[in-house]
Structures are given as C-alpha cells and as structure tokens.
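Heads up, there are several structures right after this.
Two complexes follow with chain A in common, the first pairing it with chain B and the second with chain C.
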Partner chain A sequence: MTPAANRYDAIIIGGGHNGLVCAAYLGSAGQRVLVLEAAAAPGGAAANVEFSPGFTVSGCAHILNMLDPKVSRDLNLASHGLKLSLPNLKTIALAEDGRHITFDGALATNDSLQVYSKTDKANLADLRRLLLRIGKLLKDFYGTVPPRLGTESWSDRIALAKLGWAIRRLGRNDMREMLRIAGCNIADVLNDELESDLLKGAIGFDAVLGTELGPRSPNSVFSLLHRLTGEANGIPGALALPEGGMGAVTRAMAAAAEAAGADIRTGSPVARILVENDRAMGVALETGEVIHADIVVSNADPKTTYLKLLGPQYLDTGFVRRVKNIRTRGTAAKLHLALDGLPEFTGLDAKELGQRLLIAPSLDYVERAFNHCKYGEYSTAPAIEMIIPTVNDAALAPQGKHILSAVVQYAPYELKGGWENARDEFIDTAIKTISAYAPGLEGRIIARELLTPRDIEEKYRMPGGHWHHGELALDQLYMMRPVPGAAQYAAPLPGLYTCGAGGHPGGGVMGIAGKNAADRILKDGKSR
Partner chain B sequence: MTPEPYEAQLLETPFHARTSSLCSTRQWGNWSGFASVNAYTSVDMEYFAARSTAALFDISPMTKYAITGSDAASYLNRLLTRNMEKVKPGRVVYAVWCNDAGMVIDDGTVFCLGENDYRLCSQERHLPWLLDSAIGYNVEIKDITSGIAALAVQGPTSSAVLKAMGLVGIENLKPYSLTEFDLDGHSLMVSRTGFTGDLGYELWIDPGAAELLWDRLMEVGSLYGLRPMGSEALEMTRIEAGFIQAGVEFFPGDLPTRPDRLRSPFELGMGWLVDFDKGHFIGRRALLQEKKTGSRYALVGLDIEGNKPALHSFVYQGKDTEVGIVASAMWSPTCKRNIAIASLKTPYHKDNHGLWVDVYVYRELKWERIHASCKVVDKQFFNPPRRWATPAGDR
Partner chain C sequence: MKVYDAIVIGAGHNGLTTAAYLAKAGMDVIVLERQPYIGGATVSRELYPGFTYSNCSYVCSLMRPEIMRDLELPRHGLQVIPYEGGVTMMRNGDYFATYPNHDQNRREIARHSAHDAEAYDYFGAETLRQCRFIKKMLLTTPPDPTSFKPRDLFGLLDIARRFHGLGEEWMYDTIRFWTMSCADFLDQYFESEVVKGHLAGTSIIGTALGPYSPGSAYVLLHHYMGEVDGSIGSWGYARGGMGAVSGSLANSFQSYGGEIRTAAEVEQIIVKNNRAVGVALSGGEEVLGKMVISNMDVKRTFDKSMDPADLPEDFLHRVRNFKIRGSSGKLNIALDGLPDFPSIPDGCRGRTGDMHVSDSMEYLERGYDDWKDGTWSREPYIDMMIPSLTDPTMAPPGKHYMSVFVQYVPPYLADGQWNDEKRAAFGKTVIDKIAEYSPNFKDLILHAEVRTPWDIENETGLTEGNIFQGELTMDQLMFNRPVPGYAQYRAPVKNLYMCGSSTHPGGGVMGAPGANAAREILLDMRIKT
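Moving on to the complex of A and B:
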C-alpha cells in the first residue's frame, strides 16, 4: 500500500460479522473504510474452522436464527453467495427412550407431545403467541439507535416515548403479561403453563443458551424473547443452517463490504487506539504500524475496546467502573467431533439427524447443570445443543464422513483448578452424555476438539468467551448497553465508536449492531 | 462496663489521653469515625487563641492516603483537576477532584514527599474511587489514616512556639512547603498549612510519639498563649478564611442521593484549580461543556446587614426572587462583619443590587424575622499579610 493510501475515513477494529456489516454500510455511503482483523480470516465468532484435516465446522455460532432481513437485503448477501441449506430447522428434544418431542424455532409443535400431555399443545400455542408478540415489539426497537437517558434532547425523549407507547399498544392483557413475565424466570413461566418435563427442559435450555443463567434465574425470560426476535426466510423465530457453515455468511458479508469499497486486512491485530487532542485519530498495530483515520470503530467487545485498546487514562472513573463491571463470564463450551460415519440416535431416522438436537430432559436437569457452574465446576451432566451439519451439507467433511457440532453447558469461565487438566475430562463427560442418546457414538469419533470459554476468549478475543460480549440482562440492555454513557455506539471519547455484540441489541449473528452503529456514525458525520 | 473494642462507637486518636483529660465541656463530635473535641473549655476563648496567639488542634482523624509507584504523578494528574506535573517534592497543594459529570467529590491537600511519593489528605474516605481511578496505572494507594498522628498549630505565635520547641529555622519555611525535623529521635514532618487562613503549621509524627509531641508543645506553648482548640472554633476560622467545607458548601461523594445537588469546581469558585491543557482528567469533558454552556451556581461571600448570622437563609433579589442559599454564616469577631458563604444561582452573583436575606431569629418563645440587605464580596474575609510572610513573624 502506498503512503498516500494510508488514510481512511474510518478504521474498523475487528472483522467479526458486525464489523463487516458496519464496513459495508459505511462503504456504501461513500466512506473509505479499512477493516483490521487480528485473525487470519474475517468472521470472528461466526467464521469457519478446519478443526481436523478435511473437517470444516462453524467455529462458534453454528445456527443462523437472528440474521436481520434488512441487513441481508441491504448487503445483498444472496448475491454474495449466502444460501440456506435448511431454512426451517426443527428442534428435537431428546428422550433417552426415544420418545422425543419435536418443535420448530417459533415453538410450534406437533403430536409428538401427545404422549406426555393432553393439554400442553394448546397451552404452548397460547404461550408462543404471547412470546412472539412481545418478541416482535422488541424487534422493532432492535433496529434503532437507543436513546440517551437524562438528556434534554427531543429525539431521546421521543425514542423513550415510543417505547412506552409500543408497550401500551400491546393492549391491556398482553401489556400486563409482558410486564409480569419480563423480569421473571423461565422455569416459573413454563411451570405455570405446561406439564411435560421434556418440553419444559428444552424451552428452558433455549432460554439460557449462551448466558450465565439457569432456568430459575431472573432474566431468563428475556433471553428467550431475544431469541424469538430472530427469523429465517421470513418466518419469525425460525432457525436455519447456512450452506457452507457460518463462515459462508461472513464470507458473503466480507464480499459485500469489499464490493462497497472497504479494504479488509487480516492478520493485523490492533494494539492501541491513538488519541490526539481528546479525539480518536487512528490506530497502532501490534507491529508498530500506525494508520490514521477520521474515526475509529471497534467491533471488539467493550472491555477490550475501552480498557485495553483505548486505556482508562482517556476515560472517567465512573465509566471505567461500569465497563469493568460488565458481566462477561461465558458458560458455553463448543464441542466438535469428526465422525467416520453417521451416528445412530435412539428413535431418530437419518433425516431427523439433520435437525437440531437438544439434551435438556427437564428444567431440573438444566438447573442442576447450572449449579456446578455457580461454584466454579463444570456440569457433570451438561445440557447440550447439537447439529450434524454434514447431513444437509456433505461438502463440509470428506466423503461419507460427518461432523457433530455442539454447544455444551455449563463450562464456567473460571474453573476451580483451571481448565488445562480438566478439558479432557469434560470432553469425555460431554461425549458420555451424548452417548446415552446415541449408543455407539464413541466408536465413530476420529477427532475431537472442545473450546472452553477460556479458549474462546483467547482464540476469538472475546473476554470471558461470552456469546454476547456481555451478559444479555435487563440491566445491560438497550440504553444501558454496553453501559450508560456509551449506549448510542459512541464512546465518551469523540471520534470513537463501537459496533459489536457488546452494544444494543446484543449477540447472535444479527448484523444489527453493525448497521445501527453505521447509522449513528453517518448521522454524526452529517452534523459535523 | 467498658465496651469491647468492636462495640466502641468512635475511634480514639493517638492524642486521646491528652485531649480527653482537657475536654472539660465533654462535647465530642464524630469526625470520620474518630472522637473529635468540639470545644475544650469555651469556643470563644479557643477562637481568640487562634486569632491572637496560637491554637492546637488534633487533625489525626483527617483521611490520609499514601500514593506511591512509578505512575503516581500521572495518576494524580488524571484524578485531580489541577496540573500535578508542576508540583515539586517538598510542596503541598490544595486540590479538588470530580466525578464523570465534573461534579466535585471532595477537596483536599496533596503533599509531595518525593518523586512519585505523595500523601493525599481529605475529610471523607474515598478508597474505592481512588482505587478504581488507578486501573491501568502502576500505583499503590494505602489508607494510612491511623498510622500518622497529626496536630495543627495555628495563629500568629505558631512559628514562635515551634522555634521555642527547637525547630531551628522553621520561620524560613514557605507557605505550602514541608520539611522534616528530629524530635528525640522521631522524625517529625512539618508543613506550613492549615485551615484557619492564618500563619500556621501542621505537624505529622508516628503515633508512638504523639503524646511526646503534645506535651512538648503544651510545655513551651504556655508562654505564647497556645491552647487546645475544638472543631467549633476551627469552623469559625475557616469561614472567615473563606475555605469551603465538605458537607457544608458542597456535598461530597460519588454516589449522592440527589445528583443535581452536587457542585462543579467552577460553581465553588475553584476554576483556578482546573487545567484543561494538561490532557485528560476525570470530569474534563463535562467541565469543558460547562465552560461552554455556563455554570448553574456561583459560590460567593456575603456581607450582611446587622449582626444575626443568616445560617441556611434563602437569598432573595428584588421583591421576592429566590436566588440562592446561605451555606455558612457567622458574626466575625475579628472582621467585625456579619459574614456568610452562599451559593447563588447564576447570573445573580454578578448583579450586586437588591440582594437580601431573610433571617429568622428565635428568642424566648418568639420568632423574629429580619429582612437584612446584603452585598456580594470576596469570600476571603480574613487574610492577614502574616499568613504569607517568609520568614514568619513571632506574633
């Protein structure tokens, strides 16, 4: 690159999916954008990895259920190669005896429930109608820049008033129900409405996936609602598998960003954000190279951005305190198994193996799994979400071979005694747990890999290895996300912005944080 | 029955054996968790000792932090609003520090004992804030409040008292400077600082030598009119000096119940302590904003008609426009004026016409309401040349 080219309107630190989306929007608006990604390839926690020769798997995120349709359209991801291999994935809640329950992403179920309960099907339909309605309301607020609190600005007041009005418009009954359950725990809500332990366990697990919560923890209803704001192929709540793994999604995003004129440099970890006259004015790479820009946008999480890359000396103590206190203890481990053939699961046919399989037989099971985590131990009977992506997408593994990709909970970030000696035990525990539903699995394993939250932290530069870059809880949401004083994607330091999952509306492969940040940046640019 | 140590309501300072035997009024107050004498014999006598001879005040309860480490100077520069790079070893400075919103958390004095070796003294305790402000800095911050015994010797004869005690050359110590002496093998630090607005010193020593120091001072001091003073007399002297007091002129702390009641340095007349050119410090962005949009309040001195202290009175302008509140007020025996320190809404502090206070006086089952006109004046009501003279005079 020539020195003259070494000048950008915006530098984006991190080429995770949100950084790429932000780059695409800024690029389309005519800005000269440089994305600096530390890893060898873009995508962040939504990239592919070859974990064993010939076996490619989605490194962290493996199910596409949150991608914003507007982002997808605006970036024209389809033309950049995004395709779904399975557009409306079913979830199968596994029972050891093979009497499984099947439901879809939006919690619609079939007669598989009848063996457990005569009333659950109808009651679940009522519950899902309410949850989807509230989810829709949240969704409307996800696409917008949240207001600041305590300002005199009319746009902030209007944004707050809109929130109040939208809640009011749910009507008396739904509004009351929303206010009743929003801060509740999912176990109470499910126990009020349903009978079947297996069904409740599965939905309860969905509510705590990727969080440091058990089904009896407050906030667990909210995190389920967050999931239900998602959609796939236009179906609210639906889950999908992208063809080519999650890495294909971020590859399409990178292509869209490049088509919009953005430069993407990989293998370029940023060491510091440079400040002059109380304004961000560029970055220094770990190699010492300095690159200038009018603004700096960070796709890294808030703790890394503010405490490491910028540094407390440019911030105020109250703000530093809030950032330091963001809860980022990850609990989800990622398990990858390379298999020499398709495993057999009790009561499932080969086609059903391509769906999403859950091991969460009851609320108590999940809560007990969580208990360990509270005390710095891993679950001896973990709750597990798995897919075998190769059933629908054979190209990911060598001919006739398969991959099992699983999220295993709970694996505490801080394990008593450390993970180094415990990782293998935990893999064995996870495999043993799955084998109870898939006898003979062990014999098929050619290679195995498990990333604990510590490994995820190191590999993906996410503190605590946290799914959302920071717990998704009522006190860390919307205008309080990541912390009050930075909720509009703008840092207290002029010229610095954040665009990652640590901001509103949180984690999952959505692209909304990246889009909202670009909106904010472009708006500021106009008024500058 | 003597209480167990954990049952004691208040801690004792290293001078307690001496102060308690002299406190004939039995009037004690709570100063940061320590028992502190309000008045030994008579407030007036103690006040006049401070103004005409010398007074001895136990300042051991003052919160003291040792701040050391290779980043100590840059740390203080981030914490405090003033520029600490300019402060050399052997000097003491007055400073304030703010929260994110640019509102004052507390004021205090910083002693520069050596390179990257400081002592911060304040009324309130602030360890959590100080520690959280140190994230990313190589500093060690220790609460050393109980590890140091301290006395203030204040008043026109204070230099003479210390000279008589054998502190050779003490008269050459400049205001806001510090030096070390030997007292029977104990290291005694002396700074020319204080809270009375007069010539005066503060003495710092290991608690084991506290009684030795007290006895020596009282022994030589009798010839110079030295007498122990309680906090009530001190309060009179600090109002005359125009110093602000935490909990009176401003409410300290980073977690107020009502955030709108806090004051910025500008609103306390401390704008001279704010250095925008030194780089970032806590509250800088908010204070720059305040510079642009203007401050809400101004802290002023008031000269009030009559002789009835206008404590906590409303200040009005014209017929009945409420423009502020009196924070401290007294009849000043030395200045012979009815003085007050008041927080006025801006811009009323600028227009010096038609201001008045409503003073309520309760006398023998009757309230009397006095409509007293007043004027905004310099709040340094008392500031004698001897306070600043080096070498210091003997009386």
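Moving on to the complex of A and C:
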C-alpha cells in the first residue's frame, strides 16, 4: 500500500451537488479530499444528460429555486461559471381556454388574477407574506446542525432553546399561525383564503411536487414552506433557470471543489465502506481497489449508506429498523420531449413559453391524480410542471429545435403490473394531457424519454426514485432526518458521516446539507 | 327575575359534566336542552316498540374514570360492561378475530401471519406507552405557548419535562406517532392486510381522513385511550344504552341541586358590555345568568347563536375556518332474531363486539376517496355491534338491536342535496353490504333507522353531524383547539365559556372537556374544590 498517494483526510462517496459542496468546504479548510462518483461525470441528479443526439436536458432536477446564497457565495460559483439565463422565472397556471394565471415564482400576485376573482389578489398577497415569514424562520434553521433530543449536552439544549426562542420571536399571531398551519393540508388553507380553482390548483400542486401527498393530505403546507425557503437572485420564493441547464450548477460546484484542492474521480462506484477497530477507515471500490482515509462521508441516501455500503452488522438492530422504515416512495416521473420546433400553447406567446407552465387546473384535479398513486396506479389525468429551457438557452438543442422537460405526477414507484409494460402508455397519457393545452404538440415530437421513479432509482441511485432521498414528512424532518441518532450528519459509527438530502434539511438543489455536514466534520476534527 | 349562577347550553354529556361539577361546588346551575330529552349524542331511545337504540354514540370507554368517581356515576346508575374483542369478516370467507386473552389473540394473529403475531406485542407496548403519555394531558388545560404567564410557562415546562423523561428513543417515537399516517405506522409492524385493516378502522372513525393521510395515527390512539375498570384500551357497553351515561350525569347533577329544562332551545346568547348575561330562547323568553357555558360546537355557538358584532372579527374568521366535517352515518336496526354470519365460527366471542367487513387498509382508503368525490362510500367501513347479546335490556327476548356505524358519508353530495330517496339508497348500500356476509340478515329486519350527517345534525345539533365537534387533526388539537389563543375554555367575551368536544381534548364520550371547563370556571370564580 502506498500510504502517501492513496491516503486522504476524507473520502466523499457520491459527486452529487451536496457531495461537491461538502468537498469544497473541507478542501478550503485544508483537508485532502477525494470525491468518488459512480457516473462518468459529477452532478448526480443535477447533471445534464443528452437524451437524444444534440438534445441536452437537466436529467432530474430542472429548476433552480433553492440554491443557498451563502453556499453560492462561499464557493464563489459565479466565478466558476454559474450564470442564470432567467433569474426570475414566472409560473403560468394553464387553463384550457387560454385564460391563464401568471405569477412570479412561488405565490407572488399578478393582475391576471383579477380575471378570476376580485379578492384573490389581496388574499394571496396576505397568505404569501405569512408563508414567507414562516419560511424565513425555517430557513434560519436549515443552515444549522439539528440538536439531538434527550442528551445531557449543553450544545443540544442551547440549540433547542434557540429554536424555541426563534419561534417565540415571530410574535404572538405569527407563532400561533405557524403552530397551526405546519400540520394543515394545503387544500384547506387555500380554500379558506382564495376563490379561483385554477390558482388554488397551481399552488396546491406546488405544495405536493415530489412528495407522496395530495393537496388534502395533512403536512402538505409544510412541503410548500420548504419550497418557499428558497430564493433566486435575492428574491425569496423565486425560481430561476441556470444557463446551460442544471448541469452548469454542478459543474461550477465541481470546479469550486477542485479549486479548493479536492480530487474528483468519476466512473468509480464504491462497493463498501471499510471498518476497522469500530471506525470507518476507507472504502473499497467495485473494482476491488481500496482507498484509505481518516473519515468517510456519504452523499448517498441513508438506506444505501447504512444498509448496502456499510452493512447492518455494524449497527444496532433498532437503528437498522428505523433506516428500513424511512419512507422513500417516489411519485414523480420525468418526461423529456425533443421537438422539431416551438410548440404552440393556447393563449401563450413565444416569450411566455420560456416560463414555468403548470397543468393543475384545480385542487380536485390534483387530488384525483393522487388517488391513483395510493393504489399503485399511475394518474390517468396527471398534474404536470413543464419548462421549455431552449426558449432561453438555445444551445441546449440543435438550431431551431426545442426541448420540453416535465415533471409528471403521479407515477408511483410500485406500479401494479410493473413499469415495463406501462411506460409507453404513461408517456401517451402525459402527452395527451399536455396536448389539451398545446394542440399540435404530438406532431412536433421527434424523441421522447420517460424516467419513472424506478428509472430514477436505477440511474441516480436514489431508493424509490425519491428526489428528497426520503419523504419530507413531519416525522422525517430536522432532528429525525434521516433517523434519530444520525440526524447530526454523523453516523453511529466513528469516522462515518453523511452529507446528502437524506439528512436535514432535505432535497432540492440547496447545497445546505453538504455545508452543514462539513461544519460538523470540521468541528469534530477540532475536538479530535 | 331569577339570575342563575351559570347557564349551560346543551345537555350533552360534556354540558352535564360541567354542570354537575359546578353544582357540586355550590353554584346554582341550569342546563337548557333543545330536545325534549337529555343526552345530546349520548342517548337511549325507543324508536321501535320494545327496542332501545343507542342511536348516536354506541360504545363506552373513553369516559374518564376520575369523572366517574368525582360525580359518583356508578351510584347514579352507570354500569359499563366490557365486551370481548371483535371480528373482521374477509372477502375470501375467512375471518380475523381479536380477543381479550393474550394467548388466544396471538394464536389468531399467527393464523394470518406468524410475523405479525410476534409484532403485535411490540405494537401493543408502543401504543400503550403513547396512551400513557397523552392520558395525563386529557384532564389538563392546554398551556398557551405564546403566553408569558407563569401558569402557561409552568404548563409548557411540565409537558417538556415529562416529554424529556421519556428518554431519547421514545421522544422520537412520540413525535412520529403524532404526525404520521396510520398506514405508515401499521406498516412498520405488520404485513397481513386483514390485521392492518382491522386495526386501522379506529383511525378513521368520525374523521375526514383516510388511513393513508398523515395524522391518522393519532386518531387511532384517540380511540385507544379508553379504559374500562382500569384496563386500558378496552371498550364496553353502557347497560341500558348510552343514555345511561347522560342519565347518570343528570342524576348526579340534580343530586347537587341542579336544574334541567328540556325543550328549551337557545336562539341567542345575550351579550351586554362585552359580557355574557344570559340567553334568549326560541319562544322569546330570556334566561339570565352570571355566566353562559356552551356545550355546542364552536360554529353553532359563535357563528349561529351570537351577534357577530359581539365578537372580534379575527376570532369569528377562525371559527368559520375551524374544520368540522361530516363524514359519518349510522343505521339502527331492530332484528327479529340473531343474524347468521357464516364466516365467524361458533363460539367466537368477537360476535359480541365490533364486527367489520373491511379487510384491508386499501378498502378503507377507497371509501375515503368516494367521500372526497361527494358520494357515500360504495364499499363502506361498517362498525356493527349487537349490544343486546351482552345487555338483554336493549331488545325483547329473542330479538336483537344492532348498531351500525358507517364511514364515510359526506354531508354534501356531488349530485345534489340529500333527500329521502338518497337516504334510502345509502341505507340500502349498507344493508346490502352486511347481507353479503349474512344470508338471513335482510329477512330479520323489523325496523331500520338510517341517519345521514344532516339527520345527526338536526337531532343533536352537531355541525355536519361530526361526532367530534371538529376534526382531530394536528392543527386542531391541544392549544390549537378550537382556536389558537382560546384553547382554555374561555371565549373572547367575558363570562362566556366553552365545554364541548370542540375544545381540548376533543370528542368521544370522554367528559374531559366538560371537566376541564368546570375547573377553569371554578378557578375564575375562586372557588376551591
């Protein structure tokens, strides 16, 4: 064994965005870091893929709305090439008759609302202000390592006291509202405050995007709040498109990590985490190669990390049971269409096609789409979030051609009868659904690809194809994410850490989990 | 004109509980009841000659033993007889029964899954642990987390201390239990569909949630909190029907000198200078009191029985947004004899308890989907019981009374309003479903009372017929129930109190809201008990 060349301070398993962020922070702190990525390029679920010759699309995540500004600054992503092609994406809730509602990012109001209701504009503004105030509180806690309950440690107690105090500081009314609303379902909140079905459907869909919830499921307000913690260009709750697709974001992160001295090895899938004397001391690759390090950091999801890479033999049975019980049933499929020209949508001009388009005409529509998913069926009338990135970024497709990238819900991970036979049917269903708003779309399609949750699981190694590495439910959050006892980014085995979306604060291209994990690792390093 | 110390609106079990506690403390209390009989939704009624129907609530267990002792209910005529388990009949002709005897229960579960028999003990231990934690909170007033009053701070501190005392693992389990879905909770333990289907039934009773909805695990717990003779989680029949509960409360109340007036419908609560001073009855008569206590749900109290000008606008807005969703219906059936249930073996005592036909959680969830779509469940959840097998006073010799609780039944139908024809169609759905499992059932029916959410509302005053006076979801529990900032039984108007199930800890024939309200009132009156 060559000790010097093959010896690192830290090995990071997985070059997804959180792994790269963690590597950059550790590298900047002077650690010698190696990132091992199974795929041919880093980026994980936020990488670009060429799904048809000449057509490049953001493989899984396709909108940037949550990237943490502190991470972005610390890593100096702008100097590593990150640019936004559309810094403040609008959302257009599509109506079949062309009377659409347009709003800024998440929840901002627009005059088109008055077409539908006299009061919605003012009420939505009130609701938005409230949700953003609560979202801001959440955001403050996203950037910190969660405390552990029931310990004698003063740092945990102080962290809990801080949490309590921050909630109190909201003031009596907001605090009451927060304690009430976090457990509510989004349908109730919207029905209480708003009138327009189209508007309620769009916001309700935003609240359940990527989750195993319908708008009537309690907990769905929380998942909306999670989205609202994000910002783009300093505007809270806004959405943006990066120039060059999401792959540009992870490319900039990889550049930042390398600039900080980290090595990135692609095409190097890890087979096992190696343990010696009750501590993690390196990894074995699938090729059999062994690499040693003081610590191992896993950007893989918790189930893969603990059950596959580490193995239950090193863990308590109670802990293993909790890991097995993490809910990771993905419900969102990703649809990519290569088009030989710009499609026409009823009531939209060419410029508007560059915005985010939602098919979720009412809360009932989304709830009915969800019904199917509960029983292992796909939605016969799915709710769809679409972008046509080529409107703002022509380089992603050949001259004059376009791409439609869509999240189609609901497509359950466990489909009765299996996905193999149903895939084409579901693509047809999705295209038919979109065609109701874009007549003539079908004639423009030259290539199509659908990633079901099963495909996402296989391709991106996320169990259940769940883009949060685990449902964002109240019982899987904060000090319980991914499981109690491992929610502080440290595994119950010395020398092993996790930095993925399976930990606090969950999924979305935020980079916060990677940063928090680095904080924890560096803090432990000092006390060592 | 006489001025009472307190006027209680509604002679439901909580109103009577509050009234009895106040009368016991020496106050001059009158209870006003709209119906010609007392009890609200805890009644025994002879709607068919010779038969006694518990035509609303039908089983007893949640009634707090502290209240039974304080008000000496057994001496005033309440006798609870535990029943012995239950049974779910399966679509494949098999059955799944539960028994009070641990070994027998285990053998029966093992018949469906050896794994589940093993898991059941863990499940039981965890549920019991959660019950113990919550039970202590039932008879306490929820502290206001936004307040800096010493009392609220100490209350919060006490909960935090008890919570911390659970130890790390249990603390997490407790948080999870309060927020997760019944399905996710049961999936952690069990693999057999029928075992899960049987247990999940209690998570949906009275609730506009399906077993797959987050938060439904708590409802499961809510129904597990009961105890009969100190045995936690067991259920029983009140001898003589549920009217025996309200009857014994009324007897207790009257023994302390209280006064009950039936057929006295309150039309409006009279407020002068931001103080409740009495009520106006529908005939125009006024009854005056130093305070008014409402056992009605919050919507009926504030939105229907008060002048909006007497209430803060924000409060009224929240009352209107409080979720009281009708989701249940009921059939009360007089039977000429005991129906056959061929899938239940002879001698299985499950027959004397709750009988079901929902043999999977998916069955229940699909029932919920129908409700969301504005129709009663085409395959309903049916909780049927034959109390006359245990309590012969309920029906003439050889004949039987059957109580059939049905979930889900929406108050608003997608294809128009409820009418007689639709009610009959709903009744037929339920009877046909039972007849699938009992060939001679239809022939035995002497009389059937079919009740939609509106029938329940019209009779008992419960908004949309919601048996809990408000959904038991996280946003409506504890300090959020019924309205954040008003969870301590006091209304925003002076001398006006709430004592119904709209307040903490919610519905079920528990008496806890009534007892808690009485305690707060006596605190305000500076009367020591």
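One rule holds in what follows: the second predicted complex is superposed on the first by the 524 of 528 C-alpha atoms of A that agree within 3 Å, B and C clash if a C-alpha of one lies under 4 Å from a C-alpha of the other, contacts with A are read in each partner's own complex, and residues count from 1 in each chain.
Simple rule for what comes next: a residue touches a chain if its C-beta (ideal position, glycine included) is under 8 Å from a C-beta of that chain, and two chains touch if they have at least 3 such contacts.
Since we're looking at a predicted model, the values are computed, not measured.
Chemist: Check the residue A:Q399 against both partner chains and state whether it touches chain B (first), chain C (second), both, or neither.
Modeler: neither
Chemist: One more residue to check, A:N421. First (chain B), second (chain C), both or neither?
Modeler: neither
Chemist: Touch test for A:D278: chain B only (first), chain C only (second), both, or neither?
Modeler: A:D278: touches chain B, not chain C.
Chemist: According to the stated criteria, A:A473 is in contact with first (chain B), second (chain C), both, or neither; which is it?
Modeler: Once the two structures are laid over each other on A, A:A473 reaches chain C alone.
Chemist: Per the contact definition in the header, classify A:T151: touching chain B only (first), chain C only (second), both, or neither.
Modeler: second
Chemist: Touch test for A:L307: chain B only (first), chain C only (second), both, or neither?
Modeler: A:L307 sits against chain B, while chain C stays out of touch.
Chemist: A:P492 contacts which: chain B (first), chain C (second), both, neither?
Modeler: first
Chemist: Which partner does A:V320 contact after superposing on A: first (chain B), second (chain C), both, neither?
Modeler: Once the two structures are laid over each other on A, A:V320 reaches chain B alone.
Chemist: Of chain B and chain C, which one touches more of chain A's residues?
Modeler: Result: the larger residue contact count on chain A belongs to C.
Chemist: Residue by residue on chain A, keep only those touching chain B in one complex and chain C in the other, then list them.
Modeler: Correct list for chain A: 318, 321, 485.
Chemist: In their complex, what parts of chain B are in touch with chain A?
Modeler: Listed in rising order, the residues are 74, 78, 99-100, 129, 132-133, 135-137, 254, 280, 282-285.
Chemist: Quick check: in the complex, which residue numbers of chain A touch chain B?
Modeler: Those in contact with chain B are residues 278, 307, 311-321, 324, 485, 492.
Chemist: Inside the complex, what are the residues of chain C that reach chain A?
Modeler: 145-146, 164, 166-169, 171-172, 175-176, 179-180, 184, 188, 209, 212-215, 321, 323, 362, 365-366, 369, 372-373, 473-475, 479-480, 484-485
Chemist: Where on chain A does chain C make contact in their complex?
Modeler: Listed in rising order, the residues are 148-151, 168, 172, 175-177, 179-184, 188, 192, 213, 216-219, 318, 321, 325, 327, 367-368, 371, 374-375, 473-475, 479-480, 484-485.
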